[in-house]
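Each chain carries a letter (A, B, C and D) given by its place in the written order, and its residues are counted from 1.
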Amino acid sequence: MGDVILTMKGIDKSFPGVHALDHVDLEVRKGEVHALMGENGAGKSTLMKVLTGIYHKDSGTITYEGKEVEFSNPREAQDAGIVIVHQELNMMGHLTVAQNIFIGREYMKGKLIDDKRMNEEARKLFDQLGIDIDPTETMSRLTVGKQQMCEIAKAISHEAKVIIFDEPSAALTEAEIEELFKIIRDLRAKQMGIVYISHRMDEIKVITDRVTVMRDGGYVGTLITKDCTKDDIINMMVGRVIYEDPKTESAVSPDAPVVLKVEHLNAGRMVKDVSFELRKGEILGFSGLMGAGRTETARALFGADPKQSGDIYVNGKKVDIKSPQDAVKCGIGYLSEDRKRFGIVVDKTVAENSTMASLEYYMKGLFINKKKENEAAQKYVDLLKTKTPGVDQLVVNLSGGNQQKVVIAKWLIRNCDILIFDEPTRGIDVGAKSEIYQLMSELAAEGKSIIMISSEMTEILRMSDRIVVMCEGRKTGELSIEEATQERIMHAATLRE
Amino acid sequence: MEKIKQNAIVKKIGFNRLVLICVWILLYILFAVLTPIMRPNNSFVSYARIISIMRYACFMGFLSLGVTFVIATGGIDFSIGPVMFCAALISGYQLTSRDWPLALCLVLCILVGTIFGIINGLLVTYGGLPSFITSMASMMIAKGVGSVFTKTQSVSWPQSTAENGWYRNLLSVQAGGIEIPVGLLILFAGAAVCAVILNKTMAGRYILCIGSNREAVRLSGVNTKKWETLAYIICGTLAGVAAIFYVAKNTIVQPGLGDTFNNDAIAGCVMGGTSMTGGVASIGGTLIGVLIIALLQEGILAMGYQSHYQYIITGIIVLVVVYADLRSRRRRN
Amino acid sequence: MKKKILAVLLSTAMVATLLAGCGGNKADTTTTETPDAAETEEAAEPEAGAEETADLSGMSFEIVSKGLQHQYWQAVLKGVESKADELGVNVHFVGPDSESNIDQQVTQLTDALNANPTAIGLAALSTDSVMDLLQQAMDAGVPIIGFDSGVPDAPEGSVLANCSTDNYAAGGIAAENVYAAVSERIAAADGTVRIGVVAQDNTSESVVNRGLGFIDKFAELAAADGYGVSVVGNDTYIDRATCEVSDDAKVIIDVRVPASVTSELSVADVNSLLGESDILALYGSNEHSANAIISAAENHSEIGTGEDQVICAGFDSGAAQLEAVRNGVLLGSITQAPVAMGETLVELLVAAAQGETVEDVDTGCQWYTAENIDDPEIAQNLYE
Amino acid sequence: MTDKKNGNAFTNNPLVRAIGLQKIVVLLVLVVMLVFFTSVSSTFRQYSTVLSIFDATYYLAFLAMGVTFCLITGGVDLSIGTGMFCYALAGGYMITHKDMPVIVGILVTLACGLIMGTINGLIVSRGGHAPFLATLCTMMIVRGLGAIITGGASITWPSSSSPNGWTRLLFKIPIGDTRYPLGIVWVLLVAVLLSLFLNKTRPGRYIIAIGSNKEATRLSGINVANYQMLAYIISGLCTGLGALAYCSAYQSMAPSGGGGIELNAIGGAIIGGTSMSGGSGTVAGTIIGVCFMSVLQIGLPMIGLQANYQQIIIGIVLIVAVYIDVLKNKKLA
């Protein structure tokens, strides 16, 4: 580790009603990978937005290369050498790779853009990184992983001195993550300062040198990564100790009836010949890397996307599921991975969201029986311990975890026996997470059957009774909880054709 | 300010609607004061003028109520004006040239609107086409169909004194020298029904939710296409109803026209607080919005201006109202 | 929320200021008695005249026209204004923004009634649409004077008099002149010949009547010479033409109406008519249609008054048409007397308001060509 | 390495990809249509028809090229049709009523386009209004403005034989007895310039980027609002040019007219492969699409179809074109 390149000291930022950053400190040295950790809403992104000029700080100082600076927009920060690789992919799908990389600072030949030179420069950049991408290809035709690599190439091409990675690995396959780490190590060797934001504890241990932890907009502390344990970091993040013990044996008897059987399901390019069974009272974990086709399988099963072939049996009876309507009629409920887009209607009330799938139960003739509806919603608010001032509260005002509970309530009110939980704890803080876990266990104990798709290995191992592993659209393994280990799952998850 | 908002009556009516009512009253006072100044010997405060406002508001109100449903789903319908004309042409042609009974023609009139609603709805939901360009295309088709059907002739519905003229009583009745605005009562009744549909029934619930987040509703196992199509059908049907009030006002209807009414109808709806992005709609607001536009039209005429000013003012008001809506929404998030 | 209210209030205020601010360039003509005019009048006329002027100043008239779009209406407005100035009466002149916007005219007429005028001048787009209002005016004792095409088929007693052009007869005059120009060529033609009629619409009575007058007269003349006639194209005209129609017609009268009143569509109609191999003559039945013919002439050298060229006739005047007549693009055109019509209208209104009996006035129309375009008698009715 | 998500040997052919499959298909359909009209109608074969088609193409081409930029940013400009009339009225008013030299009239026309374009751009980019709503409002505003400027009268630009008529000669130059469609040169010139601007300059590149992913473009340090505004300014300016072309072809225009022309222009752009959802579109494609529309407009009356049928056909063509665009996007997604 070299000299300090960037110091943020006493950064304070308030939004109307929220004290988003409360005197936060951060120090990044040349040639280090510095992890920035914290629960969702801890203020990591806000801090980075202050740094790159998207927000303006209320007080505090930013010292960069020995000089105090304040950037008024991302462009200025970029020009100074501070670049951010965003969590969401920031690509212009209709432009080519090279055009994307050099957007905003095109090479010019007179008054016109020199596309030829841009392609050459992009190619050089990729060679340097050891990635094989054609700079003239249209961005939208690349895989998600490749697009992410382009993002990184773009960041590097800014002659950056400080690069911020905001959850870069979220959309990458294991192999691509390896590739990413290789690049990050290269960058570190070149004496760049790297800020690495991630929720994946394992990655933090592997790649970072120091960890700064934030909680509720405040600075908690900075640790040397190799000197601390996972639990140390988690403790700092939540302020309490959490034990994440894996499940050791299945709670489901082997002769429990099969409630859902899927045979030879094919859908799109991401689901190829998938077959599995789900038993009553079972939590069936779906593991695999990003892009393994788990969500796609769930969506095809649920009728959200069209399927090409395959048979589905519910309680032994063959059913034809063409749309989510059919699925719901069969007693299947689906919690989407993307809650905001597919789960809740944000500007409607808790009650309205809760009864979304079962409104016909709450009709009095042609009209909605508001009283009955509110009672039902209130019942599940109490049952799931949803924190809301009332059932007429707009869902947009709830926290992520409580929004998730509203979605769960929606399916429970519908009385679905088969529940598909797609990344149920994504974007939820640690406290709410364990509540969701407990809830799932209770549901299973009541006889509901659950398919849980998760990218977190610990979550899979902790919750599942049985684990299905997918890779590149195929089912590549099925493990009972007794025989499942991280290594075995990972082995299956990388079992390519 | 907060105190006013928390007041029970204010809450019941809705703060925004209350503001709109105040705007209406203010405008009325403004016109009442300015009219005698701008045009001597003239007054704005008279029963006849109220009736005149009502006559315009009636058909415009039904158009606007209909389009409120479509806008609530996040769509738009530019075909309502021409569809209204098309419906009046086809049914009027049957009435005058084919001697169909009047009651049947009124049903046919509404039905023609319904059919266009169905076509628009199917194209938008099952065809997946953007609503605004689809409805513009069907606007042309409605114009064309109307004129093909009547062989490009305008159609004169019967006068009130003539046989079959009773349909005009739907708009207003002369009783003892006083004109009773029956149409306004029907409009209010229609609005009440619309409000019930939008707020108290499954259809309304889903239409609003679809406007807010279509995918989430679909993944809840709801047949979103059905409900969204229904919004267009309601819109088309109400355009058919509007046609009856249009002919009750003017008796004559010409082929190839009607698109000028779209703007006022949409403006009335947006002014009333229905969000162009969908998910938020207010029937009461729409009603007041339409009344404001009708008042504007009457007031501008009364002050002695050509109607061109009305277009400009309506345009500006809509921009301002939508901007205020955007601002308050942005702040909330 | 405060800002929202503020915004709404602001927009209201804006409306007010906009209205007030625009006071200077109003499209209407609220002319009040100007002292100058009164003085000169007093000086020029005997004392009885002065007394009359004083009498009239309390009068206010509402005039609802068919629009202000065409130069024709601008000329009517000019006549109305000058006469109103002269007599010192208040006149308020309005019209819908297009000649097809019936709803707007109905609203405008309602407003006119509500303004409690001494009398109303009306050029109805459609009599049907204003029937109730006419009755209402009669009940209220407000006399109505029709102008332009008048108010045909109005209920007895509601419209006291019309000062109008007989559009049907005017169309006939055009037909006579066109027929005279092409009769030899009809006789010489082996096959059929085609006469094109370009109409702005088929909903406005005056436009339709000008077309029908042309069609019927032309057919009558052709039939007199022993030719069969047929009418094709727009159904309104086919249905309402009263002329004899034969199956093996030598003369085909082809009527085209655009989908909406814009120049490019009317020009497309003209183009399509000119493309017919048997086309002999074209008639544009109002300013809009005549201008479409003139525009199309840019592309079609076959339009003109020379040998073997397509003979074209127009209606009304305006800069483009006057020039086209001078240049020989148009054979000639019909002019009404809009300025005189405006003046007569005001006179009739005043007379009706004073309870005098008024009678219909035909303001007449004239056929003008390159030769007589500068005759003082014609020139006074032409306007740019 | 790249994902060839769809397509076969033909669609992946480099030449086909360079030109764009849709453009090739539309060109073929255009040729088929021309052959059809030529064989059915003798009129269509004449030289004057060629001139008429060009007349109908010029103004539409300018409008469509302008609106292409708005469509590429993911927006739309509905004010172009009415706007074109308004600007031409303002310019013509200067010449005919204020006795200004013709050049002043031309400059006023262009300046009006520029100003309204800027206003549209400001409302959309700074005000955050939905483009179609914003431009719907400005459409109402220009509709009123045009009429107010001229006092409700229509305007006739100087004819080509008058000393002031040289504007018309700019688009159609007489050499000897024949007139040549000189306007084609200006349209192509503007097309080449705009195409170069779109593909080879930074502002053009950013306009595509905004339509493709507005947020990403913003985060790339690009002033999104400015370039979004620029698209509307271009549209306004092109509308000004369109107004001049319209005057030169048709000479006179009436106030409150022009509504509906924007549909032909937008339709032309979409037929030419510009996507309603933004991010893709080419000037060349738009020109081809516009030719498609103008050939229809001139050709249909010549095969004996009355105006009412034309509207139905154009409406259906529009729906089909948009449907193809939707299918295309679905495939890409």
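As a convention for this text, contacts are C-beta pairs under 8 Å (C-beta built on N, C-alpha and C of every residue); 3 or more make two chains touch, one makes a residue touch a chain.
None of the values given here were measured: they were computed from a predicted structure.
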Chain A to chain C, fewest steps along touching chains: 2
Centroid comparison with chain D (C-alpha atoms), farthest chain: A
CA centroid of chain B to CA centroid of chain C, Å: 33
Separation of mean Cα positions, chain D and chain A [Å, integer]: 44
Interface hub residues of chain D, defined as touching at least two other chains: 147-148, 152, 255-256, 260, 306-308, 310-311
Where chain C touches two or more other chains at once, by residue number: 22, 27, 68, 95, 97, 234, 257, 259-260
Chain-to-chain touches, reported pairwise for every pair that qualifies: A-B, A-D, B-C, B-D, C-D
Interfacial residue positions of chain B with respect to chain A in the complex: 196, 200-202, 205-206, 208-209, 212-213, 215-223, 279-280, 331, 333
Complex contact set, residues of chain C against chain D: 22, 25, 27, 67-71, 73-74, 95, 97-98, 233-234, 256-265, 267-269, 271-272, 274-277, 287-288, 291-292, 294-296, 298-302, 318-320, 323-324, 327, 384
For the chain A and chain D complex, residues of the former touching the latter: 73-76, 78, 84, 86, 88-95, 99, 103-104, 106, 108, 111-113, 115, 132-134, 137, 140-143, 146
Chain B-touching residues of chain C, taken from the complex the two chains share: 1-5, 7-12, 14-16, 18-20, 22-23, 26-28, 30, 60, 68, 90, 92, 94-97, 100-104, 106-108, 110-111, 113-116, 126, 128-129, 131-132, 201-203, 234-236, 239, 257, 259-260
Chain A residues touching chain B - in the complex, by the definition given at the top: 16, 302, 304, 323-325, 327-329, 334, 336, 341-348, 352, 356-357, 359-360, 363, 366-368, 396, 410, 414
